[in-house]
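All chains are identified by letter, namely A, B, C and D, in their written order; residue positions are counted from 1 within each chain.
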Amino acid sequence: MSEPVNKDRAESGRVEAFSDGVFAIAITLLVLELHAPDDKHGLWHGLIHDEWPQFAAYLTSFAIIGIMWVNHHSMFSSIIRIDRPLLFLNLFLLLWMSLLPFPTSLVAKYLDHGGTNAAVAEAIYGANLTLAAIAFSLIWMRAVRGGRLTGVPMARRAEWAAIGRFSVGTFVYAATIGLAFAYAPAALAVQFLLAVYYAFEQITA
Amino acid sequence: MSEPVNKDRAESGRVEAFSDGVFAIAITLLVLELHAPDDKHGLWHGLIHDEWPQFAAYLTSFAIIGIMWVNHHSMFSSIIRIDRPLLFLNLFLLLWMSLLPFPTSLVAKYLDHGGTNAAVAEAIYGANLTLAAIAFSLIWMRAVRGGRLTGVPMARRAEWAAIGRFSVGTFVYAATIGLAFAYAPAALAVQFLLAVYYAFEQITA
Amino acid sequence: MSEPVNKDRAESGRVEAFSDGVFAIAITLLVLELHAPDDKHGLWHGLIHDEWPQFAAYLTSFAIIGIMWVNHHSMFSSIIRIDRPLLFLNLFLLLWMSLLPFPTSLVAKYLDHGGTNAAVAEAIYGANLTLAAIAFSLIWMRAVRGGRLTGVPMARRAEWAAIGRFSVGTFVYAATIGLAFAYAPAALAVQFLLAVYYAFEQITA
Amino acid sequence: MSEPVNKDRAESGRVEAFSDGVFAIAITLLVLELHAPDDKHGLWHGLIHDEWPQFAAYLTSFAIIGIMWVNHHSMFSSIIRIDRPLLFLNLFLLLWMSLLPFPTSLVAKYLDHGGTNAAVAEAIYGANLTLAAIAFSLIWMRAVRGGRLTGVPMARRAEWAAIGRFSVGTFVYAATIGLAFAYAPAALAVQFLLAVYYAFEQITA
């Protein structure tokens, strides 16, 4: 295996910098969806009673973007060559990351309405997460298999293990789309717990 | 040709970092123009029936800023010396990138109104894209020809080919300004497709 | 002690870059909570008479995020190895940094209402700062003691002195939660002065 | 003069990165102050007739932040050592940069109201610029004289010339505070032209 040339390193660096920017901005913009309540029944009552969905949604999205950043970080620290397809797969991931504040605001607004609107809001949120998880898998497959962009060839077994772990996430997120129509808050709870799981379970060995 | 000194590398690095910041922020701020619909007719109906223009505009602007970032990235990876005119041409490009969320919001708001307002919104959007494309050409001309800032001298032919490819983009974007007055949604579709085209057609050989 | 490998340096660099992004965005988003007053009694009167709490809250949050960035910077310049727990402790700190604009907006809106609402707004603001200070201590403890991630072993005494200085901050911030219920503007003043104190008193020797 | 150690380089790099972040975010957030007009008299009429002040203010602030970034860039490319006072002077500059979108929104809202409100809005805008210019001078003085942080000692003459050029800017910005009370649009025009002047006149020789 040849030593990666400096230019590749620099390109990888700039992709990481741009991605870090998008992750950092998306995670910080979430706060703009939090609104100070009116003081009809007092501030404390307004925050706890009327606005709990916006905090639940905020925390879940923060955890998800944060953990996806950590894993993006792990993944790209083993990618040493960037090709154009990888750039666009990465953009595809960033699309779902930077869009996430919108479904978050839908959940924040509609979760305690119950009924179809709560289900639709949560299902859209779950769909966004599923698409992000798919984007993640595609980047990893491109890097490890198609493009051999990682420098260090992975053992067949480790490769499949990593892809397996991604797939689990993708299927769980996809399942929450259905769960949303049964009971929307449960779907949000599963999404949050999956993020916590990914915090402890490293994707790339 | 002499080896570029480290200081030039560092300066180029900081221009790229600032540019990446502006691209990353502009692409992520687009989400703030997406608004949760009222629930008069239900959330799903509101999203699909009333708010499709905001999703069409979001996706188009995301694609355009994303691809312009990829191409900015390609362009600056072959620029190794930065002079002051290049800094200001780059600022001129960043002006149109960071302004883009505003015409995007005009299109999101007015595209389904039809009539003159839809046309004006789309034409302003097209004008913004045209000016961004012109800024791109000016940066490239300065880098390749005037300032010889690329280190590797390009063949005359490759130079003209690159400039030719830029010009096509500029003319197509300019043409959408006129098309907007014929049928505004068609103009938006052309702008989206041109972005997709640029994703597959690399500007700098 | 072995020389840290380049990869650790690079990882530390990317954590710093992501953190810098979140700090920079949070500090700059604060401005979005400042609203132009109506001109019922004239602009000047509106700004001075009705909107002083939003400027007091803005300045305090700017000072706090700014100084926390400076100290984060000092802290990470002596951390040369990043492990996964440190990544998540850092995320925990970034959570409170990127959430801060929300309690800031509560203080801006409710501080001059007096009564329970002013107290609750200020207490929530104080709770956010306390949690940020705790996160800071946890990062430092992990880096210095648990994980020995700093490369240069600190003297026992210097270590404790640094932890002591953190604890003071944490307790003072916690005390402002109580103070808020006595007199909310005094709590905000103490929070501002503590930030100024930290500007002059370096945390990491 | 000894060679600066790598650690100083790295610290200078992180200050630049954080500053770049704040500059990039502030310049991009300006777009959020642009609002799509209502369609009472048609979109085009609304944009040109009612909203020209918001475009004038946007363009002026974009030019000012952009040029200040370019000059910050020039300045820090000759600063090789960072000390704590410099960090805080830099934060003081970033305060005025990240606050600028607020006075920009005041000018956008009140410039065409005429009378005292237009004057107050413009004067506050001018005061913000004056304070930013003062912060710039203080950074430069600290770097060149007090702290000798530039590595290359400047000739006495060049030093004074640079400080002279800064002072001119500071005085012109201060003068626009007064001019605002005579004719507010003229004050905005002078502020814009001064930014253009600084684009052509490099501050640090």
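Everything below uses one rule, namely that a contact is a pair of C-beta atoms (placed from the backbone, for glycine too) under 8 Å apart; a residue touches a chain by one contact, two chains touch by 3 or more.
Keep in mind that this is a model prediction, so the values were computed, not measured.
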Margin query: Centre to centre, using CA atoms, which chain is the farthest one from chain B?
Written below: C
Notebook entry, point to check: For chain A and chain C, what's the span in angstrom between their mean Cα positions?
Noted result: 26
Notebook entry, point to check: Approximately how many whole Å separate the CA-defined centres of chain B and chain C?
Noted result: 36
Margin query: Two-or-more-chain contact residues of chain B, please, as numbers and ranges.
Written below: 17, 21, 25, 29, 32
Check: How is the touch graph of the chains shaped: line, ring, star, complete or other?
Finding: ring
Notebook entry, point to check: Quick one: in the complex, what on chain D touches chain C?
Noted result: 7, 10-11, 14-15, 17-18, 21-22, 25-26, 29, 32, 84, 87-88, 91, 94-95, 98-102, 105-106, 109-110, 113, 116-117, 120-121, 124
Margin query: Quick check: in the complex, which residue numbers of chain D touch chain B?
Written below: 16-17, 20-21, 23-25, 27-32, 34, 36, 39, 42-44, 47, 58, 62, 66, 69-70, 73, 77, 199, 202
